[in-house]
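Note that chain A is present in both complexes that follow, paired respectively with chain B and with chain C.
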Partner chain A sequence: MWTERIRSRAVGALPPEKLLPDRQPAYVSSWIYVFGVATIAALLVVVGSGVILGLKGPAWWHESGVGKFFNSIHLWAVEVFFFAMVVHLWGKFFMGAWRGGRAWIWVTGAIVFLVSIGTAFTGYLSQQNFDSQWIASEGKDGLNSVGIGAFFNVADFGQMYTWHVILLPVAVVALVVGHVLLVRKHGVVPPYAAKVARAASAKEPA
Partner chain B sequence: MREMAGRLGPLRGGLAAPAVFNLNSPAHYVHWHFFQMSVANVILIGLMIAVFILALVIPFPKREIEK
Partner chain C sequence: MSPRQPNPAPLESADWDGPYIRYDLVKEFVVALVVVTVLIVLLTVLFSSPDDRPVTIQQWSRTDPAGFVSTAVTELDGSSEVATYGPPYNHTPGTGQKIGPLNLQSAAGVHFPIDTARDFVLNPLGSIPGNAPLAGALKTYQAAPAAQQKSWTDAYTKGLDSATFTGGVPQLPPGDYGPVAPMMASLAGMAQTGGLDGALLNANQFYQTNYTKPLLFLSGGDYFESRAEEQHLLGEQWGMMNETGSYPGQVWLWLYTFWYQVAPFDTSENADAQVWALMMLLSLAFICIPVIPGLRSLPRHLGVHRLIWRDHYRRVEGNS
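Here is the complex of A and B:
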């Protein structure tokens, strides 16, 4: 049956000890490896504060003290999200993290970075203030100039808000889940030096 | 202007809350030949580079080796 085939493939690719490991290679013992999970932690705060903002509405986040607080939490969690993601990107670039069959980990990471930028930009358009109106009026010219203004109308608040609170966050979370599962499947990329040392030791006579 | 902002209710946004920094002035920019960037972005990129370097050089706390 197709369910059995999918289950066999899933468990074969990601057995429980790989999916939720309790130990990592020695080279992971460095601060440069914490920025991926820091990005995910910030994403959780972004989504959580965004859910509260969405439930309470713009009058609340503009007028009440608690609303302004959650509005700021949402903004600063996004700042931490991008800060940690860029440091994670730099670290993985210099590690050559696409090596050893990990190309799709790199590709999904690059795509989630681009989609996140779109999510953040639609957030600017969802503020419901003069700032968002000014950004929309500036942004429409750029998008019209590349021919997508009819499909992605930044002056249409309803469309931008839907992109910001549903479509793009679902895409970001789905891509992050796929990214993490691929990391679990292939393991954390070994440093260049460790690869060289292993190759050298493999050539030594027993 | 303030009276008009008051009548606009939820749309008045930033005018109601005092900011830590005075945001009612044009942004400051670093301009050197072809390079032009706001001071805020220059500081942010500098911080990211600093954190990146610190993450490489600061030793990670080690757990005791399990027997």
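Here is the complex of A and C:
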């Protein structure tokens, strides 16, 4: 039975104790671990403020003080999101976080970063102000130069808005969910082996 | 969080058989969400967000009528940047940036056809009702051979050097401008009333979302660029990662922006395509770090992990 097979595989890969554990290896005690969860927290604020801006319409924030407030929340949430994500990525690079069969965790994280850049770019294009005009005017040359501009027209507000509020956020959130599930499945990467033989409680992953 | 006895680790890292600690993931997430939200609200209250009003063709033609008319005549005679841009706007021989022998810009083809004379000048002027002299001028211009049209526009372009503007309307010294002079005067008048902004949008439907034509027209003039320069948005000002005002902007584009500042890209005619190709390559390498020999083992040699996991190393090495 398909349903049973899928359930068995899902529960086998991520039993509840693994999906939401209440213990972690002792080495998971560093400030660097804060930035992963901070990235997700900022993403929630980005999505939440974006939903409010979307529900009120793209011109609302130009005309309303409350709209401007939520636009500012959206802007600063994006800045915090990128800051936390970049520190998280650097931290994971220095930790060699792809070791021990964790390559896809790195790959999904790196793709989240790149897709987020596209999401932010389309957001800047959707502002409907001078910044949008100039970014579209400059951005078109880069995109046109490699043929992308033929299908992705930065001067078409309707097209950019669709990418920004639906397609790219869905991709970012789906990738983040996949990334977190992979982390839960494989566990947090252990430290490189210590310098002394007795300390090798960490088996060095490949 | 208190240390526990070593525990076989079927539920966590298969490559870790050391001690475990209690760890409340949900509490950590809730605390992070509260702290991050408070930080964002604080930044919002302190700094708000920029919102410079968009530039319009009306504003441009009123503030800088000479610049507007100079640009408009290049759109009419087909010598403007947009008229000679190539794909995806028009077929212009020899255009399209290349990566080596590869011309992806041309390969993608023309998808938003723009004939600047027709779309930016003739059609908008043709939409003005009840102006018989203008209608006659348009008819004369369109019926004339290309060489005659060029002669009129060349003379008009030269005449603009000595033009004066009264109420935004160009006054040129006597010359053989043919119908170009009344056409340009009407276009300037139309722009100054805001009519050209609307006329450049697709006129076949009520709702509009595609601003390709007005944006391309605007980008052909110096006024648009001077506004950008004031806001430190030009390419040589690292503008691609900046935004209006003193805000951080898209700082994550620093590497993309960086390549435009250095040789050979800063002087290359194919800089956009070359920088894009380079960034695609670097992005692919970034994604594939786990399988790139040398790069994947670099962090072990850098030693930053000893700082990150200093408690762990202190514990295990201190016990040796």
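Definition applied: the second predicted complex is superposed on the first by the 190 of 206 C-alpha atoms of A that agree within 3 Å, B and C clash if a C-alpha of one lies under 4 Å from a C-alpha of the other, contacts with A are read in each partner's own complex, and residues count from 1 in each chain.
Heads up, the rule we're going with is that contacts are C-beta pairs under 8 Å (C-beta built on N, C-alpha and C of every residue); 3 or more make two chains touch, one makes a residue touch a chain.
In this text the structure is predicted, and so the values were computed from the model without any measurement.
Of the two partner chains placed around the shared chain by superposition, chain C is the only one that A:41 touches, whereas chain B remains out of contact.
In the superposed pair of complexes, A:87 makes contact with chain B only, with no contact to chain C. By the touch criterion defined above, A:29 reaches both chain B and chain C.
Between chain B and chain C, it is C that contacts the larger number of residues in chain A. Once the two complexes are laid over each other on the shared chain, residue contacts for A:68 go to chain B and to chain C alike. Applying the stated contact rule after C-alpha superposition, one finds that A:186 touches chain C and leaves chain B untouched. When the two complexes are overlaid on their common chain A, residue A:121 makes contact with chain C while staying clear of chain B. In the superposition on chain A, contact of A:131 is made with both chain B and chain C. In the superposition on chain A, A:58 makes contact with chain B only, not with chain C.
Using the contact criterion defined above for the overlaid structures, shared-chain residue A:152 touches neither chain B nor chain C, since it reaches no partner. Residues 29-30, 32, 34, 62, 68, 86, 91, 127-131 of chain A contact both chain B in one complex and chain C in the other. For chain A in complex with chain C, the touching residues are 15, 17-18, 20-30, 32, 34, 37-38, 40-42, 44-45, 61-62, 68-69, 71-73, 75-77, 79-80, 82, 84, 86, 91, 93-96, 98-100, 102-103, 106-107, 110-111, 114, 117, 120-121, 124, 127-139, 141-142, 144-151, 153, 155-159, 161, 186-192, 194-205.
Within the complex formed with chain B, the chain A residues making contact are 29-32, 34-35, 58-59, 62-63, 68, 83, 86-87, 90-91, 127-131. Note for the complex: chain C touches chain A at residues 1, 3-4, 6-7, 9, 11-26, 28-29, 32-33, 35-37, 39-41, 43-44, 47-55, 87-88, 96-97, 99, 104-105, 107-109, 111-112, 209-212, 215-216, 218-219, 224, 227-228, 231, 233, 235, 239-240, 243-244, 247-248, 250-253, 270, 272-273, 275-277, 283, 286-291, 296-297, 299-300, 302, 304-305, 308-313, 315-317, 319-320. The touching residues of chain B, when paired with chain A in their complex, are 9-14, 16-17, 44, 47-48, 51-52, 54-56, 58, 60, 62.
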